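Lettered A, B, C, D, E and F in written order, each chain numbered from 1.
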Amino acid sequence: MKKVVTFGELMLRLSSPGFERLLQSPELKVSFGGGEANVAISLARFGLDSYYVTRLPPHALGDAAVRALHAEGVRSDYVVRGGSRMGLYFAETGADPRPSVVVYDRAHSAITEIEPKDVDWGLALRSAQWFHTSGITPALGPKPEACTRAALEAAKRAGVTVSLDVNYRRKLWSDEEAQRVLRPLVEFVDILVASEEDLESALGISLPQSLDLGADRQHRLAERVAQQFGIQMVAITRRHPAATGEHDWTAVLYERATSALFRSPRWAINPVDRIGAGDSFAAGLIYAVVTGRSAERALAFAVAASALKQTIPGDYNRVSVEEVDRLLRGVDTGEVQR
Amino acid sequence: MKKVVTFGELMLRLSSPGFERLLQSPELKVSFGGGEANVAISLARFGLDSYYVTRLPPHALGDAAVRALHAEGVRSDYVVRGGSRMGLYFAETGADPRPSVVVYDRAHSAITEIEPKDVDWGLALRSAQWFHTSGITPALGPKPEACTRAALEAAKRAGVTVSLDVNYRRKLWSDEEAQRVLRPLVEFVDILVASEEDLESALGISLPQSLDLGADRQHRLAERVAQQFGIQMVAITRRHPAATGEHDWTAVLYERATSALFRSPRWAINPVDRIGAGDSFAAGLIYAVVTGRSAERALAFAVAASALKQTIPGDYNRVSVEEVDRLLRGVDTGEVQR
Amino acid sequence: MKKVVTFGELMLRLSSPGFERLLQSPELKVSFGGGEANVAISLARFGLDSYYVTRLPPHALGDAAVRALHAEGVRSDYVVRGGSRMGLYFAETGADPRPSVVVYDRAHSAITEIEPKDVDWGLALRSAQWFHTSGITPALGPKPEACTRAALEAAKRAGVTVSLDVNYRRKLWSDEEAQRVLRPLVEFVDILVASEEDLESALGISLPQSLDLGADRQHRLAERVAQQFGIQMVAITRRHPAATGEHDWTAVLYERATSALFRSPRWAINPVDRIGAGDSFAAGLIYAVVTGRSAERALAFAVAASALKQTIPGDYNRVSVEEVDRLLRGVDTGEVQR
Amino acid sequence: MKKVVTFGELMLRLSSPGFERLLQSPELKVSFGGGEANVAISLARFGLDSYYVTRLPPHALGDAAVRALHAEGVRSDYVVRGGSRMGLYFAETGADPRPSVVVYDRAHSAITEIEPKDVDWGLALRSAQWFHTSGITPALGPKPEACTRAALEAAKRAGVTVSLDVNYRRKLWSDEEAQRVLRPLVEFVDILVASEEDLESALGISLPQSLDLGADRQHRLAERVAQQFGIQMVAITRRHPAATGEHDWTAVLYERATSALFRSPRWAINPVDRIGAGDSFAAGLIYAVVTGRSAERALAFAVAASALKQTIPGDYNRVSVEEVDRLLRGVDTGEVQR
Amino acid sequence: MKKVVTFGELMLRLSSPGFERLLQSPELKVSFGGGEANVAISLARFGLDSYYVTRLPPHALGDAAVRALHAEGVRSDYVVRGGSRMGLYFAETGADPRPSVVVYDRAHSAITEIEPKDVDWGLALRSAQWFHTSGITPALGPKPEACTRAALEAAKRAGVTVSLDVNYRRKLWSDEEAQRVLRPLVEFVDILVASEEDLESALGISLPQSLDLGADRQHRLAERVAQQFGIQMVAITRRHPAATGEHDWTAVLYERATSALFRSPRWAINPVDRIGAGDSFAAGLIYAVVTGRSAERALAFAVAASALKQTIPGDYNRVSVEEVDRLLRGVDTGEVQR
Amino acid sequence: MKKVVTFGELMLRLSSPGFERLLQSPELKVSFGGGEANVAISLARFGLDSYYVTRLPPHALGDAAVRALHAEGVRSDYVVRGGSRMGLYFAETGADPRPSVVVYDRAHSAITEIEPKDVDWGLALRSAQWFHTSGITPALGPKPEACTRAALEAAKRAGVTVSLDVNYRRKLWSDEEAQRVLRPLVEFVDILVASEEDLESALGISLPQSLDLGADRQHRLAERVAQQFGIQMVAITRRHPAATGEHDWTAVLYERATSALFRSPRWAINPVDRIGAGDSFAAGLIYAVVTGRSAERALAFAVAASALKQTIPGDYNRVSVEEVDRLLRGVDTGEVQR
């Protein structure tokens, strides 16, 4: 079993039931979530030996968070315990045309005080094949940023493949801060996942809007990023908010070795829970690449995986490789499996 | 803050969970609702100084109803307490092609015994800018009818703008009764909200079906109503039940001063809860007009507001002015706000 | 009131809430279901004198199952009590593109040990007008198969009309086993309900794919089945899994007496619960034929009934004849009935 | 199977969850209940052929009420359908020292308009062994009173044993009204169930408080009632509200033939739901007497049955004869049955 | 209506359902709570003109908190909006012998940054009769401490009666810190509520354990506190954790003017929710004193009120004056009120 | 960390909510449970390196069962996957005087077909300190019996301490069968846990009832068992079903080395969930003995641990060593920990 390591913040997610607005009823559904943890959980479901690194407070909520990781098959050997609070976020599920809303309460959380020395990255990455993190973690403060850098350096030293999901969060920092912090970190990255907006805001990569490139636009963008930062594969995800409640979900993948741009099929989704869509895409891509699928097939797998994610409540992509592959083969959709 | 006053019946709403039929499971979701109260609540959310007038029994359910008004920011200073029962309605949510169903149990409710002298309308309307009621209230019996008339006369005396949502309810009275009672009341009205069917059944205004007017039909209808009853603005709402589960939701607004008919954009909605759609439209229109938006922009605001309402469980439009305006600006739809 | 009798297995259905995957939350929604019982319940709702025959264990779960039948108006006079366990099935509701999944746990259930002599079919079918069963029951083992045959023979002797829903279940047996067992039983059948795949797998009836018959294909298939087994009416149902989450639901009905093939209107459905769709179709067809509607109108009734079923959680079609007829008349869809 | 017939009002019960106050949360648990229906349901659970007579509106709630009777095994052959509303009651469960509270909304309900001719009592009581009703029914208005009288007369004519549970409800009428109406009806009664307060308020039977009779008090009271109205058995129930949250629950039974007074054992109960305790006592007594148990054993059975009832949420006593008898034999209490 | 003003922190309370441990199930019940807010809500239920002062963030959770105050009839005119997070606490309900557990997450909450100038205490206390706060607020940091002092000084200037509930929280500060901060503040207090442990830890008042004073101990303690700080009334509450799951709940009240010590009756409670017991006691005492009840009757009212509180889920004492008085009169306990 | 290994059947537990009877509402709470798994989970909570061995089917339910083990910190390295169904049990929670009821549906479950060779016991027990199983496992059939024997032999060979909880289940086998199978297995046991009834029915050890031994009875019984089977410690648990809803819970422990009998303190419990009480006792005993506590202190720990268990819904004892020790020190009971 291939070992993959992810690093980030795990938060308690508190969601209003159904399509209710926050606190409309005196009840919240509770789970744990966070970009990189969602990737770790998806990878464990896919059968990889998945480790997640974070810092959690040593109280009942932190314990429950570790339990949740274990339940999903993720190993917590390198999880640091300390600090006094977990990050939280409150979420309400939208219904078109009402957007989903997330209210963060993650300041002062345990991970913001993580010290680079808290994690022995050499040990954590020993015999690992992959390291994944996102642009959210360094946005949480100087200590998480330093710890991210330490992890990336250790990964590079150990010859571990590195992926990063840019995940630009406007509520956490400005374009300028993001670019100042992220651009040096992206130098370490082998596979980058981003939206077009991520590339522009967080990495400062854009093409003039005046330039009418049509379908070529993504190709040119990916190419430029790949060249500038020395990245092997650049994936760009895109949601087309249809007027109708169904969402076209697609992505492209640029492979630097061949200069080829692959385009995924389009999935029309009636989303049950959009949170975690990008994370499930990243996990699908990592799984497919690390198990040797071609760039084109890896992209198709990643998009299908994240299409399935969006049909499941909660942050996690609770599906198996077999289920993704069945979907790719076009079996069963719309029927009852019995 | 502008003072607005609404008058009508507040009922206990008992709904089956999810898409279940009534009493399929031994559980009902409970809230309070009623056409004019829904308008009052929406106006309070929009930041107006919103008063609601009704009659409620002096027991635990009546107390809870007042609490619900207060929680939504509606003032109950002129609520009359008396009588022995609240009106109730049982509701089940449809899913296309199954319609939503409402079973009323409102006979003998507290408001049916309201005496015109129970409310000091002079006091209630003092320094108010707007009075709103609907065609449901006079349908509840001679006493609510007399009380409605007293309110309208007081509003006229005080120079308060009057709006009325026709809201024809076939289960409460016949076309003949409705026309006999409503036509004189509509003489007091400045802004009228109705569907085409409302105009025909409850006000006796129609155009021959043989007349092929196409898009002009609504214009001619609105014009005729405006002239006959001396109304400044006539809004006609329309739902186009698509075969597909999504509902086109549009409205037109006729402005008598300019003889212009404005047509709203069309919203494709996948409705979570249709009850209260018309009320949220009326509230949107009142808010926009009272805060000085033009007829065209007021119509757009009202339709967008009611599109949002239909994505929220329960009768109330739990949205802010800012959220409606964001939707009008086309921001965020289909994304997670974070 | 016309007496109809159905025979099959009633199982405890355990479903994850909402769109959750199985055991994602520590809660299951519980009901009872089974193809023939669903038909019996639908027929009772339609006002027929509906009897259901099965074998249930004499413990708390079996008692609750009988209670559920009684609550739905189904008579249990000929239900056999014995055995030690009920069949169960675990179900999760899909959302496009994720399919619904059923996990059966029905081996060794009470009905697998039913002895033909346990049921006095002469008595059960006395003055009955209709007997219905499905291809699932004989798939459960030699004893249910023998009991099905006994029922069919008794029905034939008593001049009772017989319908059978093929309901091929790949998890229960192979094509070969199904054909060996079902083909002789189908000789007893007056009205057959099947999908195209059912006809091919369970009855061995197919047309070469190479044959480009277009819309004629179903006609040819139905005709062939009708002739080969001496069946009066053959209904073929079809779901067109749209890419969008809405499902086109249609059926055709072949009438042997006239050699006519009737095609139903197409219903675009946003399915709340697909389980039991076929059963509600069969019940609609039985009801309409037994109450004297023409083949064409019977087909329309059956398809509309099963369209409504798919909007209701659970296996049962909790609708009345009046509600189906309202839908056929095009009244109310998309509006609130009040 | 012995046929027993009961008559009264069936209401929709809406209860706040757990120990919450009414409408503290936006959810109500729903069931059906009513003194005589609770007796009918308990008798059906005990295996008797139990019929319940009432009047219910012909809409979705009335249908659900009939379903609930059927689910519990009660026959509805003589149920009258008509009127426009069901009686309702809202209930919150107390916890010592907070009492349980019931808010009735039963005025104008379907049964208040029942006409004596609506029920063919000769048919309903044909071959019945027992008729039971309570002092609540005649309190609902002149028509229910007339219908009760018609039932009692028919029962007398048919030689059917009659029981009546006094069930005095201060919210429905005054002592004077109750005595005026009930005293003549009690002349028809063979077995009377009452609390001491019932005897005084509703029948005008009391002993001077100055009289220090100790344990003899109940004997003297029962004797006096039995003689005055010609009653064969008089049961007096008593709850001793302990300071501690456990409730001592006992009863006495006076047998006129022997002038003996039997005293039940005392059950210490930690009540889960007190509503329906008296009804389950009456049902236990009826069952035990009609199946030939001695007065002493019948009393013990009735008290044990109602002790069990108070451990079950809802109005109904969902227990079997075997479970009551196990409790009387002292088996299993406090253990897990496995 | 008498105006009373309270000041403190309002937190979001997240509780596991039933007796479950925290996060045992993926669901939390949500309400708002906080010592002084609980007092304010209880006083509003009792019919006083109740104002609550706090600082809440200007986002969806803060809005919902204000809504909750309004729903309970508490006025928020002087609530300050600002900061970025609300205090939270997670609670699980114990069952003997397992204690209830509270996990606080209130550091960095909005109120910790409140500036004394944020509240115009002169305005807030204008024409008020009472000001109440607790020892928790100054424990939250220097700014809440300064703001408490400003409030107390303003109250003194305005001649408003001041009460303080010591509410010592070991998790918030040490004995030394508490004493340093609280002792000067207690100089402003007219009525003090405390447990014996509070007096010792937070005020440094104790009697040698060696001194065998028996029932006199509380008298001597109260007297000493009253003299040392110049307090008019000192109430000492006491819970006697019985071994059996029922809790004896009593209190004493020392009146300095008469040097008398009153002892309350003892209430045996089977607690549904212990949180807020002390707050409901304080509210009962304030209500009874401000409405002119004698010290002895005020104490009895306060203890009965808090006995009722402990039977209701959530922080609030959702009872009326009439309900407390009924309990004091011994009416209804253990019966159903109907 | 000390390694402990347990072996048995893990079942899906389906419980009615609250105190409802089975299927009273259409909802079941779901968890996993089984005597030995409950012990394993408790030991993991206590911080030991806990392994659980069983056989589970390779489908969604089996996967969820493994997830549940992992979430609780139990390792599944030696879990065998195979078979087609999991054992199930349906449970309803009693309330005095109504007993809890368990309905098993575990025949034909995966573990009944386990082959001794499926588990490499040498590997599983390598470096383990303890092996625990119960008398339920060999009752499930010849294969589980053979596998139990193989495990015991391997444990003996490896010098691993062996404990066995007799757990006699009358529904699974007769006294004769139990004695024939269990007596030879008990020869391998170092520490035995049993009730008096277990000793008599399942091991054939009893003292004549005529013998009036009083408190000595348990001593003599334990001594006899210890001598006859060569056991080092014999624990006898006892529940005294009080009449009041509280349960006295005690145990004794006989230590063969010293011939001493230790008696635990008595805990008065108001049980929330009795299932798993014995398992939590066994786990407490194992933990305390393996970590070197004296027999007397081990007994106290075990009884306190199982007292806590009974306050928590579900099979598992979700408490830490610290929480048990706090209870033993008498801290916090009846208070809110904050």
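The rule is simple: a contact is a pair of C-beta atoms (placed from the backbone, for glycine too) under 8 Å apart; a residue touches a chain by one contact, two chains touch by 3 or more.
What you see is a predicted model; the values in this text were computed from it and never measured.
S.K.: Which chain lies the greatest distance away from subunit D when centres are computed from Cα atoms alone?
M.R.: A
S.K.: Which chain's mean C-alpha position is the greatest distance from subunit B's?
M.R.: Using the mean of the C-alpha atoms as each chain's centre, the farthest one from subunit B is F.
S.K.: Among A-F, A-C or C-E, find the interface that matches D-F: by residue number, over half of the contact pairs should be common to both.
M.R.: Checked against D-F: the matching pair is A-C.
S.K.: Looking only at residue numbers at the subunit A/subunit C interface, is the share used by both copies over half or under half? Answer same or different.
M.R.: different
S.K.: Using Cα averages as centroids, what's the distance between subunit A and subunit B in whole Å?
M.R.: Between these chains, centre-to-centre, one finds 44 Å.
S.K.: What is the distance in Å between the mean C-alpha positions of subunit B and subunit F?
M.R.: Using C-alpha averages as centres, the distance is 62 Å.
S.K.: Indicate the residues of subunit C shared as contacts by at least two other chains.
M.R.: If we look for residues of subunit C contacting two or more partner chains, we find 18, 21, 26-27, 101.
S.K.: Taking touching chains as linked, do they make an open path (line), a single closed cycle (ring), a hub with spokes (star), an all-linked set (complete), or other?
M.R.: Graph shape, chains as nodes and touching pairs as edges: complete.
S.K.: What residues on subunit D touch subunit C, complex-wise?
M.R.: Within the complex, subunit D contacts subunit C at residues 67-68, 70-73.
S.K.: Show me the residue ranges of subunit B that touch subunit F in the complex, using the header's touch definition.
M.R.: 25-27
S.K.: With touch defined as at the start, can you tell me which subunit D residues reach subunit E in the complex?
M.R.: Per the stated touch rule, the residues are 18-21, 24, 89, 94-102, 104, 169, 171, 239, 241-245, 247, 270, 274-275.
S.K.: Which residues, counting only subunit A, touch subunit E once they are in their complex?
M.R.: Going by the criterion above, the answer is residues 14, 21-23, 26-31, 59-61, 64, 84-86, 88, 90, 101, 103, 105, 107-108.
S.K.: Tell me, which parts of subunit E touch subunit D in their complex?
M.R.: So the residues of subunit E touching subunit D come out as 18, 246, 267-270, 272, 307-308, 311-314, 318-319, 323, 327, 332-338.
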